[in-house]
Amino acid sequence: MSNHIVETYDEDLRELHLLIAHMGKDVSTALETTCNDLVKGDKGSADDVIEHDKDINAQELNINLKAQKLLALRAPMASDLRVVLTSIQVAGNLERVGDLTKNIAKINRKMGMSLPANIANLVKKMSGLATEILRVSISAYSNKEENQTQKIFDDDVTLDKQYKELSKAILREIKRDEDHLEDLAHLLFVTRHLERIGDHAKNIAEATIYMCSGEMNRFDSLEDNQDV
Amino acid sequence: MLELGEVIVNCADVSVFYGDTRAINNISIDIEKQSITAFIGPSGCGKSTFLRTINRMNDTIDSCRIEGRVKVDGEDIYAPSVDVVPLRAKVGMVFQKPNPFPKSIYENVAYGPKIHGLSNNKNHLDEIVEKALTRAGLWAEVKDRLHDSGTGLSGGQQQRLCIARTIAVEPQIILMDEPCSALDPIATSKIEALMSELSAEYTIIIVTHSMQQAARVSKRTAFFHLGDLIEYDSTDTIFTNPKEQKTEDYITGRFG
Amino acid sequence: MLVGQFPSDLEIEGRQTVLILLAQIKNISNGIVVGQPDIWILESAEKLTSWQGISNVIISSLAAAISFLGGLYGVSLIKPEFRARNSVEVLLLAGLAVCSVIAIITTIGIVFSVIFESIRFFKLIPPLEFLSGTVWNPEFEGAARAGSGQEGRAAYGSIPLFAGTFLISIIALSVSVPVGLLAAIYLSEYATRRVRGTVKPLLEILAGVPTVVYGFFAALTIAPFFRETGVLLGLDVASESALAAGFVMGIMIIPFVSSLSDDVINSVPQSLRDAALGLGSTKSETIKKVVLPAALPGIVASIILAVSRAVGETMIVVMAAGLAANLTANPLDAVTTVTAQIVTILVGDQEFESAKTLSAFALALTLIVITLVLNFFALQIVKKYREQYE
């Protein structure tokens, strides 16, 4: 696509897009670190992650302000309009992911026990997938590419299956080991958070589809056909 | 999605030539009745020329020649037997620069009814004038000075006077050629509000340079470029997700 | 100074004689000697010559001195801070102002000279009689003086003259206004560019024909034609009828009306025509109801200017209209106009101070006033017209 006649318009749009990419990277990194540390039983990063969440919130605010300015001053149309609208949506989703990551970090900090081996493996697998889905969705949005989005949808289906599996495993463990009830209950929350993160990544993918082709909520019809 | 209701103007393979130069290339388009359709495009793309074929105003230009068929309300308006005079009462026109006659406000509005013989007594004529001025949103401002000169009004009022003058002959279609380009934003807003009201009764086709205006007022938009019709769709679609790259480039300001 | 040199015993018979002597002396000093002048006159002439020589030298040296001093002053002004361009501005302004003032002063001079002489006339003939009398017959002036026994005083009632001017002008306008206006409408609304390009200059040529040619044409071709046609129709047409003169004058005035009206009609904005056509007017309806009313003030102004031209026309009426003042409304009769009368009066060899000669000034004054008033009205109308399109 050629450049706008007014060059500063191009610069504004580019800047907005870069802000999203930056926020996405921060959020992805925080999630990866927190999940790895949770599995290993390492509480070192927890405080930093919790503190850093404020910065992530500030980034969302900044993106909203930039988008607002673009809407008011440039009256963007067609593809430009979709870029600006989706930037607001994606920033919102990323901020929620950031909050969920913060919660996982808090749980890590509070965790009294070390994870049983089977649960640790499942958590590692699930958090790995969630992190991957998130990373791919952010990259697809940054590069304005639709071709990865089907994979994201499929991976999220897998993630949901893993969520069910992990939940069952934790519930079995609770029955077996009542002393660590609180910690195990927290772990249930963690699985829930990871499942939610998958959904947010899926939202980002849908936003990417809308931005590229103007099609809204493609995944809704796919979900209707799914037997999830 | 372009789903048209009842069609009132039907153009098929219309080409317009000025001497040997082709200004309009084989355009086919249908205009829906009682709605607002906008023609947009860069300067010199032929949108004004195309507009003027609908009321045969291009006839006044000697070197102008037209091919193809234009039907208004089912009737081919370029058929040899067609009289241009009643056609122009049926298809009225409002111009870019307000052009009231240097006569009184009353005489301006009464001009059309008089020449078309729409009224045979003064009371009836008074009624027609009042009704037209009311519909144009101007009655309250001028009712006490109907015999003042039309040229003494402000720009926005003059344009509304021209609109009143046009609707006094009870047209079916009103063509507007950049009606707000000479007006300030408030006057423009008033005219746009007026257009919305009028579209309940009249079919309006507006040529405009301002995409924002086309986006605000019209139900359907046609994008012209160098004499071709590039895309014609609901305004919504054109401005959020156009199908043609040229359309996208124009409305996002990537060429102009 | 010279008079003081006259021999004291010379008999002076009045101022006239002194003037004559002075003139003679001047002539001799310039080298023109007539007859055998007295010695003292020759000596005075020599003195005059030498005085003239001295004064020439004085004037020349003064001029040279002033120029030199002026030059010094000018040079002294040349410093780096001196803004020469501003001074040139002032100079140009002064030069232009001087030229304008000269033009104005000349006009005022003409008007005043006419006024003065007219006042002298009005001392002889009461203004009321001049303005309201119905008999114009200045011929008797000389007759009464010569004592030929002719009865009656000269009559200076100007009404027949103005009536004649009026009649001929009306006839001229009734020819030029319709033809000129319709020609203008055709040229600006209907003619193609090519036709307009040829016909308009042709019409302008009509304005370029010398009026004496028109008069010639009127006297030798048109007037006899009207007369013969009149005979055929059983009407008595004078050989110098107002109709003939008025008709030819009308032809001459056509370009005044057509050219100005054409410009005015052309300057009606195309947007008004578009508006009228867009409402469903035919072309002639547009012209009749929109273009002409919009152009009307300009057209009226052009007609008024044509009237003032007609009123002031001289050559055609002198050659083709009569010279006898005749108060009538019949265009087939011979009448005379104010302008023709002025010519007749001043071309004779009347004494300058007589009432007859001075009456020419009175007539000229009235003519000036009328044309002035007409032009003023035309200007006012044009001004009002311009305001409409601001």
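A, B and C are the chain letters, set down in written order, and residue numbers restart from 1 in every chain.
We take it that a contact is a pair of C-beta atoms (placed from the backbone, for glycine too) under 8 Å apart; a residue touches a chain by one contact, two chains touch by 3 or more.
Everything numeric in this text was worked out from a predicted model, so none of it was measured.
Farthest chain from chain C (centres taken as the mean of C-alpha atoms): A.
Chain-level centrality, scored on Cα centres against the all-protein Cα centre, points to B. For this pair, chain A with chain B, the centres built from the Cα atoms lie 52 Å apart. Put simply, the C-alpha centre of chain A and that of chain C have 99 angstrom between them.
For the pair chain B and chain C, the distance between C-alpha centroids works out to 57 Å. The residues of chain B lying in touch with chain A in their complex are 211-212, 215, 239-242, 248-249, 251-256. Chain contact summary for the complex, chain B toward chain C: residues 55, 57, 60, 84-89, 92-93, 95, 97, 99-103, 111-112, 115-116, 151, 162, 165-166, 169. On the side of chain C, the complex with chain B involves touching residues 269, 271-272, 274-282, 285, 289-290, 293-294, 388. Chain A meets chain B in the complex at residues 1-6, 9, 75-82, 213-214.
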